[in-house]
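Supplied in structure tokens, the structure appears directly below.
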Amino acid sequence: MTTVEDPVHTLSEGVNQALDEAMSDDETVFCLGEDIEDPIGGVMRGTRGLSTKYGRARVRNTPIAEQAIVGCAIGASLAGMRPVAEVMLMDFFAVCMDQVANHAAKLRYMSGGRTNVPITIRTSVGGGAQFGAQHSQSLEGWMMHIPGLKVVVPSTPRDAKGLLYSAIFDDDPCIHMETMSLLFTRGPVPAGHFAIPLGSAEVKRPGTDVTVIAWGKEVPEALAAAETLAGEGTDVEVLDLRTLVPLDRQAILDSVAKTRRAVVVHAATTFAGPGAEIASLVSHELFGELAAPVERLGAAYAPIPFAAELETALYPDRGRIAETIRAMA
Amino acid sequence: MAEASTAQVTARLPDDAALHIFRTMATIRAMEDRINRGLNAGEFRMTFYPVRGQEVIPAAVSEHLRPEDYMVTTYRGMHDCIAKGIPLTELVAEMLGRVGGTSKGKGGPMHLSDPRSGLMVTTGVVGGGVPIAVGLGLAAQLRGTDQVSVVNFGDGATSIGATHEAANMAALWQLPVVFVCQHNGYGEHTAFADYTRTEHLADRFRPYGMAAVTVDGNSVPDMYAAAGEAVARARSGGGPTFLECLTFRLEGHSFGASTEYVDADRLAQARADEPLGRYRAWLVAEDRATEEQLAEVERQVDEAVEAAVAEALASPAPGLEELQTDVFSSDEAVPR
Amino acid sequence: MTTVEDPVHTLSEGVNQALDEAMSDDETVFCLGEDIEDPIGGVMRGTRGLSTKYGRARVRNTPIAEQAIVGCAIGASLAGMRPVAEVMLMDFFAVCMDQVANHAAKLRYMSGGRTNVPITIRTSVGGGAQFGAQHSQSLEGWMMHIPGLKVVVPSTPRDAKGLLYSAIFDDDPCIHMETMSLLFTRGPVPAGHFAIPLGSAEVKRPGTDVTVIAWGKEVPEALAAAETLAGEGTDVEVLDLRTLVPLDRQAILDSVAKTRRAVVVHAATTFAGPGAEIASLVSHELFGELAAPVERLGAAYAPIPFAAELETALYPDRGRIAETIRAMA
Amino acid sequence: MAEASTAQVTARLPDDAALHIFRTMATIRAMEDRINRGLNAGEFRMTFYPVRGQEVIPAAVSEHLRPEDYMVTTYRGMHDCIAKGIPLTELVAEMLGRVGGTSKGKGGPMHLSDPRSGLMVTTGVVGGGVPIAVGLGLAAQLRGTDQVSVVNFGDGATSIGATHEAANMAALWQLPVVFVCQHNGYGEHTAFADYTRTEHLADRFRPYGMAAVTVDGNSVPDMYAAAGEAVARARSGGGPTFLECLTFRLEGHSFGASTEYVDADRLAQARADEPLGRYRAWLVAEDRATEEQLAEVERQVDEAVEAAVAEALASPAPGLEELQTDVFSSDEAVPR
């Protein structure tokens, strides 16, 4: 657990520390991506300082060529390296999904276990910053649907450090989603070596009346809604899934079995989105035991608009989460 | 090379074109200056991708185009949009996310488009617009019109697959496409020499079976001549052309972004030699225009830009009813 | 409705007739894709005869370059054409998702309605034919999750003709999924002009005890299971969604409101798959009115194996559908 | 050109290599013939992509490789797999979907791999393996080993973006990668001239800053020499090479597929001049081997192939417990 002594850092610094620890622990870890070398150190600063510390062989800028970036990481991993590739924004997975879904995810199985792909793909997830329809998408739903990919979405600096470290040393391909709106939020981060196992959700706020299941961008919104509702006498439990694959099924079912009410909240589009899996799981496993239907709150069905007023309306926020919960009581 | 060709082509740049190109460049510069003032003063916010130093390219290319010709560009495309003729007020309003914008504020600065002026797509995905421009050219060919499709993209976009797939297809079908590679020396924070060993990008595209030339993108006479040949070739059924237009990015990747990775001397020199000032002096020196004429043009474009920004700022944000319209042809198709 | 006089054709012929009708009706319709010209006429024969009839300008072979194929279709459509692009297999959408998801789906919205993308992308969907992990995927879940794409999945020759014709003349980008295992199954197809509006599910077999919601490959399996169960006194309704976007929400809810039991069956991976949207919808809208939890039957969570014995076990079939329904009684 | 270089390089093909190349080619041919017999007789089923006529390329390339060198190939890669040394029984068993296969029957003919023999990936996606091979080369460079990464792909794969992205990256980083483009004249049912205007594919890759040569892929001396230079360059840190290996596809795209779109005369002539027969005659004519020696090799490889197929056929199908293993490193991660 986090202790009071833990120094405070941003989520971006948590990412940076995990990369630093991993590179110093293991020669086979290296980073590749666009603009990741110093002085820039990544457009979101995740790799800042690392090319200076470990050299440009192990922290290398690439051409603007995501298929080559991810494919190159896959190849190096087949030869025993642990590459950490950066795809600048999650929207750009659309140009390299063949390497991600048809190769990284499938090579272990297609080789009957003779090869494996221990890569980590770090990516920034936009949304809420007026970057427009092509620079704001949360596409974890695509990744979850492809057997063979692990999907990690930290919402705090501490989780970012611990989960990314585990992802890098995991023997399967991991997608590490770094939520832009949280990158510079601050929180305690254990110094030195620190890992959080993949597949363990965390109760970010215990409660008894309703469970909000969230990840990434929406976790702080859920916590804020919980605060508001506490004042109204409703005790909300906030479960941060942290990894979507592996999915902490038990944590979800235990919490909702207790509260008998569930709301799934994410920044991805609601329709055919990741929340549908969680909602179906809960509705099926707890059939007859729920006090209300499982609610799903995600982005409205539309490309992400530029105008701030529209973009704000697109995403679920603390207000809509609170409203939804009130209506379930 | 720039020298030589300048000499031989100068003659081919008519006075009216020379002046109109100046007006276009001055408008682009005035708009960028006005946006910088607004951003610095906190008058408004937007993500802005500077085009300073790249004004010659679209100003010269568009001189050969008609409104019905197609154009595709990128986030760094304000200069292309202005040169192609997007009304200034709609342009600024879109960049500000106002309902008076080309996309009612739903697209934003990275997604400017206005079919009426032939600006069909602005994409934020590197290389993403290139295959689309090939399709616009195919439509013209299938219809038997003499429309031309011009696609603008950066030097960094030559590293991504889509650009190559599109080039091969355009050459195969001899489509009326002009590939305008605005080679400003950088892909975001990475210098050309750090992402490829290719010397001249034109050498990569010639083997697809298309004309491919390297031109001084900061020289109006050179750009005017090279673009003229490319557009004429496309219009007459001669197939696509790749133009490697050498220029230099005078600012950071986006407004306020650092340039610490850029060689300071080279940057200082490039700024001192910036193309609008260079061209202005050339026009006077060559007796193409008088100081007074140019000052008058500058006065007019400042006025137009000022008016456009004021009008755009007066435009309200789009209403919430816009959130789920324009998703499909009919709103009934939108899943509830 | 289909009349007894309708001539019998394969699903592939239904596709071919829709293309032929559309090209003869409208000069702006043209086809592009790999190997679609005669004598081959498409590796699945969908365009057979059309390059001979309409010429190689309107039915044109392309290089192996899906980004260029789809991007070229988008560009031509922006200029008022109605291109029908062929992506040989759905797995290959992974190399062109940027054009599909970031451009085709978003351009109307990003231009505030000033432009639109009336393209149709035809694609064959494998599965069950031992083509292996990279040539057998059903990826409709990816498409449904991207606002702006319409998704069409005919299961009969008649539906293929009527739906494809509507897709071609629809003003939005449509993905037309042609299920390989059904391509050469036969059924009545109305001669001449024939269109089925997008967004209308069809009850392929009326029933009162349980609703099986299916599409594509799994529709015949559902019908076969229904036959078996009829013999056991269970009356199964089989609802073929036919289009996933627009989704015929009303047809789904009406049927399940009547039967109070629902099973969603598809060839796509179950986890985070399209069935989760349907199951969540039904569980939410009919909360408290269901006699049993909504069941989801899809492909097991694994890359698609080559060995016939394993591939057969991966997909839901008539046997597993029947078992599942028996367990719900 | 083939003529000239043949003359000058013949000397460089040592007798033992010449004979071993014959053995490799004969094994590939014997396996293809055996598979055809099995398929025609209905003895077994599988999707099979003929390699007949392309045997020289991997036989000559692999002569310069070590087991620890890496190779990546495509669905049309049985010849590459055999040349790189995948045990024949495991190879056939995988193509038949048996548990004794390289992937326990879970991969199939399009996904043969065996890290022990250095065959790392067989992909079914055109162009998909090229960036992966670049990464294998990068691993060797980072580790400071002198391993070489060889990637095989078809002429049609030069139209797809991934191949270009990979080429630029390999050249930029001077990686030990050999791009072996097996130019057999067709991409599925489409002829080379119908999908590009490029004359020599090597011209498209040279501008990335790598050595790029066009070689007669059906001539053992030429292929042996060109591959030798490329592999030596890679091993010694000299960077990547693109080899455009000219050959001809003697069968349909896949077993039983039509060849109606192929010029009948050209096909007949190519079959008459097929490379194994041509090479066999050359070995005897050049006194590199006697008729008896070659007949003995053929007897041995037939025997080996026959034994491998028999053993593979005796291997059972994978058990159902295999369905969800090898998805992740631990089965617990598999969602229920």
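Chains here go by letter, A, B, C and D, matching the order in which they are written, and residues are numbered from 1 within each.
The criterion applied here is as follows: a contact is a pair of C-beta atoms (placed from the backbone, for glycine too) under 8 Å apart; a residue touches a chain by one contact, two chains touch by 3 or more.
Worth saying up front: this structure is predicted, and the values here are computed from it rather than measured.
Enquirer: When contacts are scored as defined above, which chain pair ends up with more C-beta pairs, C-D or A-D?
Expert: By number of C-beta pairs in contact, A-D is the larger.
Enquirer: If you average the Cα atoms per chain, which one ends up farthest from subunit D?
Expert: In terms of C-alpha centroids, the chain at the greatest distance from subunit D is B.
Enquirer: Taking each chain's centre as its mean C-alpha position, how far apart are subunit A and subunit C in Å?
Expert: Once rounded, the distance between the two centres reads 31 Å.
Enquirer: In angstrom, rounded to a whole number, how far apart do the mean CA points of subunit C and subunit D lie?
Expert: Subunit C and subunit D have C-alpha centres separated by 36 Å.
Enquirer: If you average the CA atoms of subunit B and of subunit C, how far apart do the two points sit, in angstrom?
Expert: Centres of subunit B and subunit C (C-alpha means) sit 40 Å apart.
Enquirer: What positions in subunit A touch 2 or more of the other chains?
Expert: Residues 62-63, 65-67, 91-92, 94-95, 98, 102, 109-110, 132-134, 147-148, 271, 301-303, 305.
Enquirer: Name the residues of subunit D that each touch 2 or more other chains.
Expert: Answer for subunit D, listing residues that touch two or more other chains: 103, 105-107, 111, 123, 125, 128, 159-162, 165, 168, 172, 195-196, 327, 335.
Enquirer: Touching residues of subunit A toward subunit B in the complex: what are they?
Expert: Spelled out, the residues of subunit A in touch with subunit B are 34-35, 39-40, 43, 61-67, 91-92, 94-95, 130-135, 271, 300-303, 305-310, 313-314.
Enquirer: Using the touch rule from the top, collect the residues of subunit B that touch subunit C in their complex.
Expert: 70, 72, 101-107, 111, 113-115, 120-121, 123, 125, 128, 130-140, 142-143, 149, 161-162, 165-166, 168-169, 172-173, 325-329, 332-333, 335-336
Enquirer: Taking the complex as given, what residues does subunit A use to touch subunit D?
Expert: 30, 57-58, 60, 62-63, 65-68, 70-81, 83, 98-99, 102-103, 107-116, 147-148, 150, 170-172, 198-199, 245-247, 249
Enquirer: Mind listing the subunit C positions that touch subunit A in their complex?
Expert: Residues in contact with subunit A: 91-95, 97-98, 100-102, 105-106, 109-110, 132-134, 141-142, 144-148, 268-269, 271-277, 279-280, 283-285, 287, 290, 292-296, 301-303, 305.
Enquirer: If we count contacts the way the header does, which residues on subunit D are in touch with subunit C in the complex?
Expert: Counting only subunit D, the residues touching subunit C are 46-47, 97-98, 103, 105-111, 123-128, 156-157, 159-162, 187-190, 194-196, 258, 260-261, 317-318, 320, 322-324, 327, 334-335.
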